[in-house]
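What follows is a pair of complexes built around chain A, which joins chain B in one and chain C in the other.
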Partner chain A sequence: MVGLSVGEKHFIQGGIAQDLRSDGRKRLTYRPIYVETGVIPQAHGSARVRLGATDVIASVKAELGKPSALQPDKGKIAIYVDCSPTAAPMFEGRGGEELSTELSVALQRCLLGGKSGAGAGIDPTSLVVVEGKVCWDLYIDGLVISSDGNLLDALAAAIKAALSNTGIPKVDVAVETRSDEQPEVNISDEEFLQFDTSGIPVIVTLTKVGRHYIVDATSEEESQMSSAVSISVNRKGHICGLTKRGGVGLDPSIILDMISVAKHVSEQLINKLDSEIAAAEASEEES
Partner chain B sequence: MRGLQLPLSQTQRIRLQRALEKLQSLSCKANSDASVTVADTIPVNYEAALLKGHGTTDLNGDLVATVCGVVERINKLVYVRALRARYKPEVGDIVVGRVVEVSQKRWRLEINFSLDAILMLSSMNMPDGIQRRRTALDELNMRGIFEENDVVCAEVRNFQHDGSLQLQARSQKYGKLEKGQLLIVDPYLVKKSKQHFHHLEQFGIDLVLGRNGFIWVGEHVEARDSMVVDQANSSEQSMVPEEKNKTHTPLEMRQNICRIANAVRVLSTLGFSIDADLILETVELSSTVKIDIHDMLGSEFHVLVAEREAERRSLVGKRKR
Partner chain C sequence: MEYVSPEGLRLDGRRPMEMRQLRAEIGTVAKANGSAVFEMGNTKVIAAVYGPREVQNRSQQINDQALVRCEYSMANFSTGDRMRKPKGDRRSTEISLVIRQTMEACILTHLMPRSQIDIFVQVLQADGGTRSACINAATLALADAGIPMRDIVTSCSAGYLNSTPLLDLNYIEDSAGGPDVTVGILPKLDKVTLLQMDAKLPVDIFETVMGLAIEGCKAIANYIREVLLENTKQLEYRRGL
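After this line comes the complex of A and B, so read on.
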């Protein structure tokens, strides 16, 4: 990340204080979101989301596997993020690994719920084929191509778009099998089941600079942050996950205030994202 | 043209395409065989002795381009000038750079070139304005003039033997740039003109168009009076950091800065040459259409700017005839 001079830092902080950021946005305005679906044909679902200069791709691949013994009625979902070295100079070589793990963990926490599988944004019970024997394993991969701040929001939006683009093949199970045998499964090439993505939450990251919070910070604004709180909110307005970054301590009342601001912002964001995903799917069908 | 990453609706896409086609047809009158892509054959007169320059290669007896760009011919030299290349400096260019390192008697600046540029301490005016030999004390106080990550405006003085640049900042108008924002565009969009410093009076804003693609938009700062005594300066400077914390740029000026910065961003996305008149016209267009500052980066305004530019160029073309 290129450094900023004292004068520039002062300008950015002044802008945030006066509610007019460097590109004319208000504090709670997102950059224009551009969604493309179906960018990776070999995957079952994929999407590319551009948020200003931030560019991320998410892909979903489904494979048949065996459910774990503790949760025989649920499929398995794994989320992993990779920061490409082309995204920023500091990601060269193994520099991006720390950030990748941080993003993966934050996304898992927001979208997958706890260890027992309870409270997941993505419903794993819809992934089971034969209870206890066969289930779908979803591998969700995120790739950061270009980083200009607010990676978490972009990745969550990309995952949501990729899942709405995902078609899980229909499986025919052979009926006569004994209980201890692996059932024969026939994976159809033609029919697909669409995923229900209305329950998937989005992530809103609030970055605190000075005394104010901003939404969707660019990397210049992120360099000025004292702390950032990422809150994942679903359509009903429920909080699905919370992550705090940055070493500066926050008063609990500020965190509660941030949560209410995030809920307010998330309504517009979810509507905007849904319309963009619908538009992207429509244009993909045309081409 | 780079694929515009904008969410364009169907009608906007059609309008934009129409405007761009119009622009292309207007510009095609000039040597249309000049632009080449990779593996295009360059039309040459084979009888003349040729010097094959950058971006060309000899393939089966034909001269073939290896980069996408424009063919330039200077006497016997034929080369292809790539468009999206790094900045190619010329002596006398005004550039805006960022200080990367403070070393012995010089500052190193990053200017979007393959090497860092050097600004010698002796090429810089002293704060007290007196022309004198730089002492060891001056060398130790270099950080007081420019620190790391400062944005500096200077002029290209000459090339050094290893290919790097030497800059100078001898005049009052060069120096540190504060209270504003730096924008980065492609270097080929800023053409050489008579004036690169623009003081936009109606906004009270300084606009510096660096030929290396770094454009500075900021509050207007009066050229520092060289006869100010050193002591007054130093006492002022110690007060300034605290004052800065209280006095931010006034809101109206900030709005103007953001509007101009967004105009530059729109022009650079569309690939139009950036000069002060065009920027002012774009800002006027945005205020006549009463568009919000942030919406200037939206698809509708991009299409409007492209259409207006196509109209303007066709009018200019008609006037010439």
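After this line comes the complex of A and C, so read on.
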């Protein structure tokens, strides 16, 4: 994918070992992050996040549906990611499918909690309109427009921003007639409900290159990685999900070390992201 | 349904011969050789160009000219209702082909033998006229990539509803079932490279509708030229000339 000469590889690895990377960052510094909300007016909520040359869009669409019989008190949330061929010619046709699926599953694992819905970033019970009858189904779509490494962190940030931007129409339920009938609902187009997004975690990916690990790797740095661990951490510092990629094995003590570093890094990231989202919302309201 | 009010205003408040607001931005995908965003009202597309580069699939190599490829894709969230179509359905295959043929007509392919140029267009929001918007975006992206072209290609659509010719149809007008004429022209050479119409129209009306679409193309060409000029000025400024 990335064509690098032996010299360039040594330069990247040497830079990481000396805590001064090719773009002048330290090992645990993120690239500047830019957030723009409301980019897709047709969706209920949307956001575009840029992290260096990585550029992703997330949109949230809500549809009224029926909760599953097993979990009548919970709405459904689905996350899909698509890699646009504009990001890299290798995503052409079905070429991006593998990466798209890998990213979707990793995001679902990190943001939606387990099968029971416990530990999810958004409370699925808040999506229910009438228990067992009507609920909101949330479809979260991510689109990778430009890719320069660290897609997972960028997508998670975009989804967090899009959900903060989301307004679900208020629903009035008509007085119920019989218990076995579908109740009639009235969707308001003036009143919107906002989600509580404070519990949505951010994802911090630590990429191991040589003997050290770095955050927010560019695609050149990712091509030199031995393995990577993506850890999702919420505001309280709880670990919400974890994914390890890459073939090379890691020492268990290193993983624990990585988790504590990720926890530390996530505090700064959440604060930065929250202030960026607030700024984006403010500038959207102005225009 | 009434698409043009008695006062002569359309559903979105435009006059019949008025175009939606245009906006273009060059260089939005950092890793591509050339890229652009093009917006016509609510329709928004991104185009990225990779190349000219080595041919990936040797059997497709052409010895006396460049191979031009194009892929059109729509984002899941681009339409009003969420779309769950697989990639490569017939509609997108057809649009890919149309865009490829239109762009191939203006690229000087004989200057780059044994190489490949990839054009990827991604629809972020669809509100009618995606075909035209994609072609306009692709032109800008090709120009940004510095690929030699005969002329820029611009495209615009026009329709005929309530016995009025309408320029630049939006989604509601497009799905009204009336004729929809999409024209692509080379404005400097004054040649038509793309012409598509569905539904039927008397010949004399077709002439006025097509004339209207060509006027639209010319207006877009002026805008695109302005954007390119502005972009070149920026580049010049950055080089410190």
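Assorted remarks:
The definition used in the following text is that the second predicted complex is superposed on the first by the 284 of 287 C-alpha atoms of A that agree within 3 Å, B and C clash if a C-alpha of one lies under 4 Å from a C-alpha of the other, contacts with A are read in each partner's own complex, and residues count from 1 in each chain.
Throughout what follows, a contact is a pair of C-beta atoms (placed from the backbone, for glycine too) under 8 Å apart; a residue touches a chain by one contact, two chains touch by 3 or more.
Computed from a prediction, not measured in an experiment: that's the story for all the values here.
When the two complexes are overlaid on chain A, chain B and chain C occupy overlapping space and clash.
In the superposition on chain A, A:Ile40 makes contact with chain C only, while chain B stays out of contact range.
When the two structures are aligned on the shared chain, A:Gly7 is found in touch with chain B, with no touch to chain C.
Of the two partner chains, neither chain B nor chain C is touched by A:Glu222. Touch criterion met: A:Ser84 reaches chain C, while chain B stays clear of it.
When both complexes are overlaid on chain A, the residue A:Asp153 reaches neither chain B nor chain C. Of the two partner chains, chain C is the only one touched by A:Ile145; chain B is not. Of the residues of chain A, not a single one touches chain B in one of the two structures and chain C in the other. On the chain C side of its complex with chain A, the touching residues are 28-32, 35, 42, 46-48, 50, 56, 71, 73, 75-80, 82, 87-88, 118, 120-122, 124-125. On the side of chain A, the complex with chain C involves touching residues 39-43, 46, 53, 55, 57, 59, 61, 63, 80, 82, 84-89, 92-94, 139, 141, 143, 145-148.
Looking at the complex, you find that chain B touches chain A at residues 5-7, 98, 147-151, 176-182, 218, 244, 248-249, 251, 254-255, 258-259, 261-262, 265, 292-294, 296-299.
If you check the complex, the residues on chain A that touch chain B are 2-8, 10-15, 17-18, 20-26, 29, 31-34, 50, 276, 279.
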